[in-house]
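Two complexes, one shared chain (chain A), two partners (chain B, chain C).
Up next, the complex of A and B:
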């Protein structure tokens, strides 16, 4: 391994000073993916900047109808946040399924987004929730929709020295969401397939639905064909119709992949799990369908 | 680069390389061999330590990132030469066979008990999902935790400086 300089930044001001130096910066937050790549020689930093203690980029709050999540917020913090559990339930569920307690105590949401793994668990949840990524750079802030953030296999739209600062999620009191995944085992497992669904309902009818499937390619895939789901009663058939649509989406997205026959069936099971969970959650809040 | 670590209540000033992991520093610079390198990628949990009371895999923390943090290893659980209740319960309930996973296992459970002094079996299993054991089948480990909690959870969750 080539030696490199390293520094920890504690404030946004420290970071801005570094950015002015015109050096190429490589950022490390929780390090749970990065340190493995570093030791494999897949990354060779010139100046490694630790942002894991950058408090200006941490925390969960509600502002002007949006949930704001700082990029270095850990998955343990997300999993246990009452705000996330209330308004972005699928993200809390996805966070709880990432790695182990030890990993979740270090791994950050910003890191998971930037690592841009096709099997990332936070990404479909953020996709279903229509999240927006706020990017910080020497020229200021810019916002990018989560589905546009990943531009190719393990590649993001971040330019040199740019960094994710916050993630914004619109919070709506009549939206309900859920996440489910299949992996080789129950815990500490990489997703073979994952699904997040976020829907808006009124009375017992679905008004809007966003479904995002992970592990099908460079980025999660959003379900666009929602005919037959909108203004439909959320009964048992609802999950079946959703499963059918998602199954076709899988077949269409990865027609030639060896895993297609498996994934196109498994996705129906995930659709059933997710809808059962949403309906349970609704009835837990006194809304019977 | 120079960092300060508080390991088992003792302050250490250390010169570390930017590529050195917390695991390397604990083992090679401080000499704590209970922190073990298994998989080196955060899967096996043998290198688990508590950092500011939270379990982390020390193979996935660069030493300079731990600057100023409080680190606890199993050695820090011993008080006046006496093992703490969780350690005793591990021995009494046969939760140790080869012993390789034990320090990490105990620290993951400590992390749980700090937050939740009276966990359910499911919560115990979730807390140790990141610690692999090839001997016990986990059953005796869970039994040991339940035993320790029953015999005095307050000793398990006491705060150390």
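Up next, the complex of A and C:
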């Protein structure tokens, strides 16, 4: 391990100063992935910048019809946030399924996105919610849709020294979402397959649906073929049709992978879980299904 | 021998759930494990491992590694002894294939030791290890045991199986496969060795299971007489057989002797998973012949064992497995054949149960499958065929003693509610429900196979406190607490007054070691006997002091009085001091106890599962476990062992797997993020019941629990899953992918 310099920044101003120095910056927040890579010698930082105390990059709020989540917000904060639970339920559920309690107390949403793991749990949730990533750099801010943010296996569109500042999620009162995953066991497990579904409804009818499946490649995959699901009553059959469509999506996306036969069945299970959860929650809100 | 009637009377210290002696120190971090120990001037060693499953080393270039400041010396096949050894040998004169050396030019699995850097600190050692350049010539390799050539074959039999199979019988055949798994002790492997230049002696500090095995192998590799190697057993953070074999000790000892400085080796998880030992992979074919009355009239078992890259215990474990099959059911015509092969995979070795979990998985899955093929209840099928107390082993092994497997099964079936639960499962929704059961038997020491004896010295000090000197190895299971309870019971004194250290090879007497589920049964019996001897000596000496006959002396709760004057009480200390001053006698007894029986421990698990037919996940809802332990010296510890055994068995059944890629020879699950075990939220409800009927030679009737605790779980769970899905899956673990693939076949 080479030696390196490390600094901690408290404000956006501090960060801007560093950016002007023309040094290659490596950012650390929760460090739950980064420290492992560092110890294995897979990363060798020149200047390590601790952003975990950067208050401008933290917190959850609602602004102009969007939920704003700071990049260094931890998954424990997301999992317990009443705003997220209300408007972006699948993200709260995904957050609650990441790693262990100890990991969730440290790991941040920005880190999870930038790490760009194909098995990341937050990504399909953000995909289903049509999230937008706000990127901070020396030239100012730019916004990227979450599907375009990840460009390859473990690669993002971030340019040198750029950093994720916020994630924006449109909040719609008639939308509802759910997340489910399967790993080797029920907790503290890496996803073999995960699914997030976000839908717009009127009474018991689905008006729009956005389903994102993780672990099938470099990025989550969105279900494009929603024929037969729109304007349909959300009953058991709805879940079956969704499962069928997702199963086909899995088969087309990873036709030659050894895991395809399993995933093409398991996705039906996840579709059932997600729809059962949505239906239960909607009935709880007094919507008869 | 203790009878059931005597057991009913109860005891003062035996049968009480006294907490494990060092539990608080371990929980609060006060205990110093080997990894925490620091010696002045200590060096650190880091290994370089083979990236290939089989290769010849053409050249090792250590030039740039040696230039790293702080590097002291680099070891490889070029500068280390060529002495061959077998890491599982535990006594001098044991016959074993010796195919290991410290470093070889030929590496036999991905993870094999190629070189070691010894440096001033761990970081430097790690950094330099990465700079060593090695040229390999890759050689052909074998991963699949079916493609390897056996180096050892064994056959045990009783009766006439050909005749049994020719009769009017139903023959039920299964081929069961069990995988390699990691022991996953919380403490990774660690060792420290130092050289004492005054006595020219090597000292090894190791959390080991057999200190005399460590002494033997270190002395052999270093070319020293046994009295120039001193092994100290350090606090153990779990072993499960993983630290039974001598793995890191000869390296640390050689480096320390060569450099005349203390050397520490401490593994990280990936190293422990890949480069220590694994459970032996087995493929077993079973044919069972059943007559019209549902009696098993014959059984033929053929096994293939994969011992990995080196011989290790391959031959010994194949025999240990074979002995179990004659000791659970009344099968008068039976044959067991096993072939052992080496493959270019991580080395197999001792693992909790020493082959018993594998052989019982193979036979108990077949028992359930047979019952289902015959359309009879597996419970009834077992009850008809299980052995009765004091049955003999038809293959000539030691008598089974007071084996109470039928009592276990009846008690378990009742508590579990088997009658209402086992049924043919119909078609249903996504979640299928099933129940399964499995029985098991295990040993109590080596009697009948190898020499099994131990020596102990117990002394009472002049203040009345006691010290036991014995070569005990507490693996975290509470061995030393058990010994205290036994001594306390005999001496009628509070356990606070008894000290039971673990000992070392220089100052403690010989013991066979902590394996073969022998410690409570054999060492415990020795502790009881030496206590009885000391009690007798104490009584005799007290009688002289008090001027009465020994028959008039009463020992009670740490006090002595005479029948004539029960109101005048002397503490043990008052009298011990008087005995020293007036009688000029030390209160000390040494005895060697040789085990004369090897009764069968026995037990059963009943499992209730729910299978998700879409995700392929199995939720284990409840396990009822009943074990015949003769007498629980410490019921709390026994229950703890059973809970832990079930946790290990569940992982074995459903998720733990050291899977090696057949094309590349690489281990996929070399870290805990890829090697998932049952964690707390995954655990089922567990109900434990004990059958305590004594009847054998263990202390107060005690029999083993540590190993058998994990044996019946995996087959019980596999049987429950097969019951739920109406399948006959026999390849462990039953991972979601396998379950879904099996269900697809059926569709």
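Throughout what follows, the second predicted complex is superposed on the first by the 289 of 289 C-alpha atoms of A that agree within 3 Å, B and C clash if a C-alpha of one lies under 4 Å from a C-alpha of the other, contacts with A are read in each partner's own complex, and residues count from 1 in each chain.
Criterion: a contact is a pair of C-beta atoms (placed from the backbone, for glycine too) under 8 Å apart; a residue touches a chain by one contact, two chains touch by 3 or more.
Computed from a predicted structure; not experimentally measured.
Trainee: Give one of first, second, both or neither to describe whether A:48 is in contact with chain B, with chain C, with both, or with none.
Mentor: Only chain B; A:48 stays clear of chain C.
Trainee: Taking the superposition on A as described, I'd like to know which of chain B and chain C A:4 touches: first, second, both or neither.
Mentor: First partner only.
Trainee: Tell me which touches more residues of chain A here: chain C or chain B.
Mentor: Counting contacted residues of chain A, the larger count belongs to B.
Trainee: Once the structures are superposed on A, label A:76 by its partner contacts, choosing first (chain B), second (chain C), both or neither.
Mentor: In the superposition, A:76 contacts chain B only.
Trainee: Name the contact category of A:66: first (chain B only), second (chain C only), both, or neither.
Mentor: Neither partner.
Trainee: Examine A:187 and indicate which partner it touches, taking first as chain B and second as chain C; both and neither are also allowed.
Mentor: both
Trainee: Please work out whether A:32 is in contact with chain B alone, chain C alone, both, or neither, and reply first, second, both or neither.
Mentor: Touch partner of A:32: chain B, not chain C.
Trainee: Common interface residues of chain A with chain B and chain C?
Mentor: On chain A, the overlap between the chain B and chain C contacts is residues 1, 186-188.
Trainee: State the interface residues of chain A toward chain B in the complex, per the touch definition above.
Mentor: It is residues 1, 3-6, 8, 28, 30-32, 35-36, 38-39, 48, 50, 52-53, 76, 99-103, 105-106, 186-188 of chain A that touch chain B.
Trainee: Under the touch definition given earlier, write down the residues of chain B that touch chain A in their complex.
Mentor: Listed in rising order, the residues are 1, 17-19, 21, 40-43, 45, 48, 51, 54-57, 59-62, 64-65, 67, 108, 111-112, 126-127, 129-131.
Trainee: Help me check something: in the complex, which residues belonging to chain C touch chain A?
Mentor: Listed in rising order, the residues are 123, 127, 130, 430, 612, 614-617, 655, 673-674, 676, 678-679, 681-682, 735-737, 740-741, 743-744.
Trainee: Provide the residue numbers of chain A that touch chain C in the complex, in ascending order.
Mentor: 1, 41, 182-190, 192, 259, 261-262, 265-266, 268-270, 272
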